[in-house]
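Dropping the structure in here first, questions after.
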Amino acid sequence: MSDQQAIAPAPAWRRYSAAPPLLLVGSILLYVGVALWTGQTRMLETDGVIGLLQRMVGLGIVALGQTFAIIAGSIDLSVANLISVAAVLASFIMQGRADMMLAAVLIVLAVSALVGVVNGAIISRLQVSPFIATLGVGLILQGLLSASFTDFAGSVPKEFQLVAYSTFGVVPYSVAALFALAALASFVLWATRFGAHLYAVGGNAEGARLAGIRTDLVTIGAHVVCSLSAGLTGLYLASRLRSGAPWVGRDGVYDLESIAVVVIGGTLLAGGRGGVWGTLAGVLLFATLDAAFNMLGVSAYPKLVLRGAIVILAVAVYTFRTRGHVA
Amino acid sequence: MEQAALALEMLDITKTFPGVQALDAVSFGCARGEVHALCGENGAGKSTLIKVLGGVYRPDGGTIRLDGREVAFSHPIVARRAGISIIHQELSLLPQRSVAENIFLGVEPTRFGILDRRTMRDEAGRLLRRLGSSIAPASLAGDLSIAHQQIVEIAKALAIDARILVMDEPTAALDRVDAGRLLDLVRKVSAEGVTIVYISHRMVEIQAVADRVTVLKDGRTVMTTTLAEAPTGRLVRAMVGRDLADFYPPRSSLPPGPPTLNVRGAANGQLHDVSFEVRAGEIVGVAGLEGSGKDALARALIGDEPFEVEAMEICGRAAKPGHPRAAIQAGIGRLSDDRKREGLLMQQSVRDNATLIERAFAPALRSPTAEPMSPQSTDKRLIQLDVRAASFEQEAQFLSGGNQQKVIIARWLARDPEIFIFCEPTRGVDVAAKAAIYQIMRDLARRGRAILMISSDLPEIIGVSDRILIMREGTLAGELPGGATEEEVMAIAVAHDREPHAMAS
Amino acid sequence: MTVAIQGGRERARAVALVRRVNFAVVVFLALYVAVGLLQPNYLEPAGAMNFLRRAAPLAILASGQLFVLISGGFDLSVGSLVTLTVIGGSMLTANDPSKTWSTIAALYAIGLFVGLINGAVVAYLKTPSIIATLGTLLSVNGAAMMWSGGSPRGYLPDNFRMFGRFVFHDVPVIGIFPLAVAVLVAVCALAQWGLHGTVFGRRVLAVGDNPRAAELAGVRVEFVRLGVFVISALSAVTAGVMLGGFGGVSVDVGRGLELQAIAACVVGGVQLLGGRGTVVGAVAGALTLTALFALLTLLGLPQPLKDTAQGFILIAAVAIGAWRRRRAV
């Protein structure tokens, strides 16, 4: 058997999404444009730009984890509730004491990992659709949390607030951490078997199973990563707000927004294709929109309305050319 | 030296599902390097047997031996580690990933825990070259043709040093040239010492490639024999349990009527300058290789991917259907080649499936059982087509392939279109149901309908059609009368764009 | 084909009969009896009527959500639409009873508009309905806040609140008969007819089962999608008008109702991602959830734990459904 002509490798644009560079350029143009138009040129100086990057951290960390879940063909709607749990748990355990910091962080991460295992196991073992499984787990978490705490609980010590408020030179720790985590996530996806298997399970779960991949473990792994990232976001919020309250996750709409930025970043909602740099570019777009609304002086409620519309439109840009059916 | 044990031996394999005995003490064995064909009608138990071998199902009883050693598989991964590789009918490649990533799926080479992409690429290239293919390891699997995807599947099997390779209808979606190449590859791989279990409905292929054959019927082994002792007639008899003398119904002796469908110079992105007519009462077959445009033609006629340059008349009236609904209104019906994705409502009842088209066109608030959608008139059509189901309220997913196909035909009979397009009407359908479907087509023609049959199955094109159109490179390349030889059809189908040696496969 | 095992035919017939009765109906009756044992007045006609009155908004939402779920989608915007209905009702009537009817008409028009937006985004922009309706949820909630300035106050006029509160007294046999129950019965009958008694209902099932096959058979899939989202939105306005009569005007009357409605449907055996479901199941699921909440309240569990219970139920109902389907194949 011989081929008449060699089958060429796919051109680069087929293999790599065009989303990240486009989003990056678009965000920069929007940010600079609005700053110039409103005459707030100080937003273009170092402090303004750092402020913009800092807006990315909370959503950015959880969105990195959400990218893993979505690439594996799953989705996680429990992240907002888990973020609240993590923030409250951290500040409740610390009670303002620096010596409890390590214990609190370890306990929060352990709880997050456990939630990830539960999510993944319900999906892969009980075969509950990811949407319902994580929604249900989110409700369970929120119910337990709200039953136990009704307001800000405890506080974090000064030392822990450094996470959100301290800097290396001009670069805040939190921004550096976000990019370090993104680099780590990108490495895991590109250069490990776990990464390869995530794409396999998301692209064709049955095919992956027949190829001998333990798909249930991969799904659980993806959810552990996702929940850990939600736990980290919770810790970051506790540090920034100096305490955790049971509504911090829900008020940030982290569930919907993390999914939206992942999709906007070029990751297929059905799984099997995508990456974290696109997600980060999507987060930048959202941070830019937020900053632009502020500069334009849009008040809180119209901002909510616009946000919903923007999420829909931003996702629709990727979906409206779909040939098949979508429900 | 004592005689070597068989490479694979399955003894008295039994498997029961709730209410059905799928396998009843099935046994067969193959020597090292043997190509062993497995055949039988749909539902005979082939797929179940293969799933037992692949570790997807656990058998209720029986033993599996590899090289004389008894084994038991609890998960596909265990079977794979034991050297068993299965190429399923539904290809399992990841369309968004590279060929190299697909070939090493689940067995990725690593260095210090990090994926060794260079080794993956080099090894993938080496495996593909060993198969005589020049597919680039970096290309996306989803960009490859079905034929090339099959090659990648074989390379995937070789990547784990498979000792036993099971191929489930590997040529079902391939045209004749590609199928011929695949058979060459099967011989080549078996010559390297790999044992091959080959499942196919196509007798010609089995005759061409297999050393021995095992026939299953109703979950039991009917016979195992060498091919030399088993002419096709005997195999078919063993599979069906009776002779199928007049497989193809006789052609009509009446001259065809006026042209029902008249296409002049139609074109779109994949087709150009297509002109032909189909007359009332005739069956026109359309043959062609994969990518010749014969599937695009069907999609264009039903408005799914419509013609852009249009010159189409139905019963003398100009028609320009822009979407399927318009095509149906203009009088075109089409039986899809993919009944699972494009035909059936798997979880709805047989009756609901058979009334889908009437319900698509009835006023939205009408009762779903008003005439002509009533159970009485629907059942009449289903019985007329001899649809076998436990009850017509049964869900369509539980029917056999042939019966599912008949349910979809019943759906169209209710509409009774002037022009009927049959795409691969007998794909995945067993021998007895095939004959029935050909008879239905002939009956429709006799009632004055115009029939266009698009098929990759040459014997069926030749046996059923009154005229044969042959497509090549997006246009009609020639026409032959019914009963032409396979060589004549192939000569037109492959002219110019293929080397002559490819014809005689 | 395969060999059927002989015998056990009568048992199979009995099993088929039990299967035909919706599982949720059985669960509901069991729960309701448990509630009645703790609080006997639930077992009196007046108690039962009051229970139905309280269950009515959720049951109405569930019978609307049902259409979307069967078509293969989700409608997460209904809770926020309930909120918008209540707030919009108070803003538009401005304590003037004579404006009630025009206000209700305007609210249905808003519902129609939101439903069309949801349907159009899913059908034409091909955005998955989870994302599309989550986006609408945000926008509609924002609109409700904007309209009321964030701090709604006061009550709706009495003739608006009638739908939630009015009760016919001295009715033979049952004693009292709330207007809300009458609305519930009417909505259920309408849904039953729409899903099981019309060609449209079969198209919804067909689209949910296999949209491509439906399209190739001539079904206008886009219209079906528009239709189901409009039905769901109109049911949300109906539930909102009713809830307006239950309590005061606030910004979180509707919070979480979308999930309760989906949970009710799932408990009632509706299959997520489409193709399977009944009105009886959805309504029985809503009654089951309401009975369960009543039971939890009687047992003295704090309010937030209702969420937790609902989470468990949601997962368990889907897991049991998946398990039964695996066993059946």
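For clarity, chains are labelled A, B and C in written order, and residue numbers in each chain start from 1.
Note that in this section contacts are C-beta pairs under 8 Å (C-beta built on N, C-alpha and C of every residue); 3 or more make two chains touch, one makes a residue touch a chain.
As the structure is a computational prediction, the values presented were derived from the model and not from experiment.
Chain contact graph: line, ring, star, complete or other?
complete
Tell me which chain's centre, taken as the mean of its C-alpha atoms, is farthest from chain C.
Result for max centroid distance from chain C is chain B.
Could you state the distance in Å from the CA-based centre of chain A to that of chain C?
31
Quick one: report the Å distance separating chain A from chain B, using the average Cα coordinate of each chain.
43
Residues touching two or more other chains, restricted to chain C: which are they?
Residues 212, 215 of chain C touch two or more partner chains.
Which positions of chain B touch chain A when the two form their complex?
Where chain B meets chain A, its residues are 54, 56, 75-77, 80-81, 86, 88, 90-98, 101, 105-108, 110, 113-115, 117, 131-140, 143-144, 148, 151, 156, 181-182, 184-185, 188, 498-499.
What part of chain A is in contact with chain B in the complex they form?
1-10, 14-15, 190-193, 195-197, 199-200, 203-204, 206-214, 268, 272-273
Contact residues on chain C for chain B in the complex?
It comes out as residues 1-5, 197-203, 205-206, 209-210, 212-220, 271, 275-276, 327-328.
Would you tell me which residues of chain C are touching chain A in their complex?
Residue positions touching the partner: 71-74, 121-122, 124-132, 134-143, 145-146, 150, 207-208, 211-212, 215, 221, 225, 259, 262, 266, 272-274, 302-312, 314-315, 318-319, 322-323, 326.
Where on chain A does chain C make contact in their complex?
75, 122, 126-129, 131-133, 135-147, 253, 256, 259-260, 263, 269, 300-309, 311-312, 315-316, 319-322, 324-327
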